[in-house]
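First, the structure itself, so that you have it in front of you.
Letters A, B, C and D mark the chains in the order given here, with residues in each chain numbered from 1 onward.
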């Protein structure tokens, strides 16, 4: 199998390389770029010395046609233009950017402040939240891989909303992410001396993942709601922990909440329902494709606390993308992804 | 002025030393301990070499009587027994532990799982949230210095509750703390290799600061409510950022929310109302007694996001304790505390 | 193939599990302990939930006899007693502790302050610096896996000493390690709040890896010398970078130094000779079995600066141990170890 | 007293503000810039909200003439042009950049790759290593404040070289710095995700502080030598630890080495000779003007290990600059600088 990666120099791209390197069905990985054609990849990324000593290639539709799968891991606003000519010419397309996630083009324009992708292609694209959309993913030619925050939030709250155990009318999601989520481009905020030992909040009530989460709640749990969602930057590199709060419906017990999660994910290898809160933390999933979830009912307030934890670069990006590729190609979901989290 | 510190080896104690060293009215600082009598302090804490080369002393009521102020910075369950004989025998007492904060002894027993302090002394004690209780602090003989989380939460939400701008019936507080809040005792959780690069949640819906916050909302904003409150550990040493969520009452605007905060704190030197969210972060207050607060109305949901940021060891412990001492002794609040945050 | 790990709860043990999980020849991994028999492993290490939900077993010679390979990853002073009865009863033994590394029992006693292992077993054991001792490793029944620091130092300086390009009479090695090298036992030094943002030096001129390095220089480069070697703790979890300094012999050029390294390691997949110093750093090998090395002649002083970088838990422990297992079992060296470094 | 700071937006400038804010003789601090005239300082640096809400001013010789002291904290190559017209027109000048440190203009050109300052002004300038040049500093009109690395290295090795206890002919200095030493300008190297958990070496044998150290050894210890000096980046914000290695002259004892340091610095408040190596570490001096030093003779090799530790932004920049100002103005050295290190 021959796989191409467009946007290989970003952190999502680097993680695709890390996992595809050990994917038994992938024979060849080629790296594409819009701006650094010819650069020997390992001269830019020393950790790939002896592993990827080949040059970055120019993006051209003809040459891409021969690939089995093409991943795009680019900033928003790029694949809306780049991908349409590649649809249905050969390779399965898996887009890690936000360009094909929102079915409502107006919402895309509003939250991303960019022109949307063509409506026909957006319609064709399939939202790649693997555990919730497997059937559609199987036959998709273009997958819109979910955002990092939505993955952590949706996997943890969707079962409880779908089963009408919690009330999404007053769902508050307080999410926290490691700095790699901000990408590889240096800035004052991510300058080490100013990011280190600094915990901060950003994009208050304005994050573009809000409509994505709301859309998925409607799509998979059949509930229209407006959520409160905020994001924080944690002085660490990898990991997202999202804490969600919602009232439970009258009579709902802690056991019901946990059983719902266990039942939903019993046959899904990458979602782990954790009973002991001291086992929940971003380092328990670091470097892996696991999503750990936890729920607890507060009987004083009759509200549930729901926690979702992922490695933002893996289950929140490259890992889920490869999981989707496996589904598309009818391979076992764990192929190439069955690694043990680093923990330390 | 002669000042004693009981529990000097904890992080609260070390911060008291750091600030009192530069307090112009403090002539002498003596350090007391229950277990390491005779130890030269700087042999244990190298950063104090040439600064505190004196031995730790044994705690004895007689010798403490001659002090002007005695700070206690001990684990919960210690000063409930230690302080009663010292009340009204001479020194002003400022307790940084949780033993005198809750007026309801039953609540103390329930949340701390310890026997409470004598009721008469608890009654006598004054809750030291400086900006909200200045009159009572002036004449107090025993101050219950607020907890770190309650300080960050209360300073940011109290004005809005008191003015009935937000509805505390559905107040959700999602708080995050640096690791120094867990104290100086090594444990598996705070072992560097397992804490580093790990963001986690702990004591879900069970933190002993919950009744303290609820009590203060009743006391200062005249509102009985049960809140949702959760705490997270951030892989950094200092700092608390608490994000609170509540619906606003109909018609309330973003400007009203901000004006309320600005008006409340206009003459309080340590509370800063921040307009630009990119200026909010734990490193903006690091090492200082400032509390930075921020509020924003989300017009999609009619809920307010309220942020409070402090250095947990300073405004959340030693700094506020000295601020209270200044008030008790009729000194300017900023005396000895007027330092610039480190930022980097 | 059936593999046992004694000391699975340490960081070396956890890394063995991480890599063996993906080793194609390993069918079964069983975990042994001296003190926590019966504990479900994943209840202690949440990252292994659904991966290792089996209980820790009691160490017993009879049951271990049936294994193909047994790794021991215990503190020093344990395997000197534990391993002798297991030698030649069945499994290949690979000891990650320091108990079998020093051929001079007196040196062991002096530097480790412990009783040495039996002389006959020490004699039998083979020092597992894979790239330099492959022939002996092939037929070894007991491998003394090298220390983390010696691995980084030896791989980088041995070729230059052996070829008499640098003068080991005045070899100064300044080594720096991430905190995971100190193990998983909490202590004041490794308490997060005191380790974070703290760079320190420890065991000045007294590290037990000194005689190991000197012995290997004599063994593989035929030179008896006493070295200067110091170790520092870096506030990060993984990684060792060792900077070595030595005068070059008259007339030696920078090119000769580099060519010597390139030539030595041209057929060794895990040692990478780096030309661009900006590509050298602990994150370039993080999570992988690579050792990156770099050399530069300072023409002002005619001294060489030699840098060796490894992940202390992988090439400095578990990774090299598995590499040695592969050699013992005549498998390709990269089997199960061919992972891409994490970089971020 | 009226003090101006040129280059206030850099980390050295921010630290000047932090300390001068509490300097009892400083009445007014004004901030100057070449590029952001008019910007309200606290809108750029949130930690200074309510502390420095004044605008940045344009640099003009006339207006600067009225100041008592002007600090310049700019990149190299700026003050070589900026300062000459300001010399002797009024304010004491203290330059934190490297432009006036090297008396040999050719060396400046070679190591800095920039045109040097005018020879007459360089001659006039006084090297501000306070503890070693106090007499000249008193009467200086322009002070060349030492580099961060040279401060840590020189304070620790100069006494031993001057007393001919160690042999500087083979002095190897292995220095490590926190990331703030790289300044406030974002770059790929200092991008959080790539700097975090990464220990690296840089500018191998090429650091511009090499000639500064050699010049000072000649100047203060009367010994011409070429040293080996390398620098490493530690994933932390503040602190330098420099480990130096040199043979001792025959017969020199560990006690002599320590006595020499103790005797040299007995009346210097900011240099602390540490006996217990476990008390040495960058967090022991964090945020303060202390320099902690340690020496130990290795009797196996007859070489000394010498350690110097500072906060690079304080004793290595702003703190030493203010200490020099105090000396110039005949104030006590500790004025405004007598703060307790943060430790945690």
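The rule is short, and it goes like this: a contact is a pair of C-beta atoms (placed from the backbone, for glycine too) under 8 Å apart; a residue touches a chain by one contact, two chains touch by 3 or more.
Because the structure is a prediction, the values reported are computed rather than measured.
Within the list B-D, A-C or A-D, B-C finds its counterpart interface, over half of the contact pairs alike by residue number, in A-D. Of the two chain pairs shown, A-B and A-D, the one joined by more C-beta contacts is A-B. For the pair chain B and chain D, the distance between C-alpha centroids works out to 36 Å.
Separating the CA-averaged centres of chain A and chain B is a span of 38 Å.
Each chain gets a centre from the mean of its Cα atoms; for chain A and chain D, those two points are 46 Å apart. Counting only residues that touch two or more partner chains, chain B has 11, 178, 180, 193-194, 196-197, 235-238, 278, 280-281, 283, 286, 343-344.
On chain B, the positions that touch chain D within their shared complex are 11, 14, 17-18, 21-22, 43, 45-51, 180, 197, 237-238, 269, 272, 274, 276, 278-281, 283-288, 292, 313, 338-344.
Those residues of chain B whose C-beta lies close enough to touch chain C in the complex are 11, 178-180, 182, 184-188, 190-197, 235-237. Residues 170, 172, 174, 176, 178, 189, 193-194, 196-202, 204-205, 226-228, 230, 232, 234-239, 241, 243, 245, 277-278, 280-283, 286, 294, 296, 298, 300-301, 303, 305, 307, 343-344 of chain D touch chain C in their complex.
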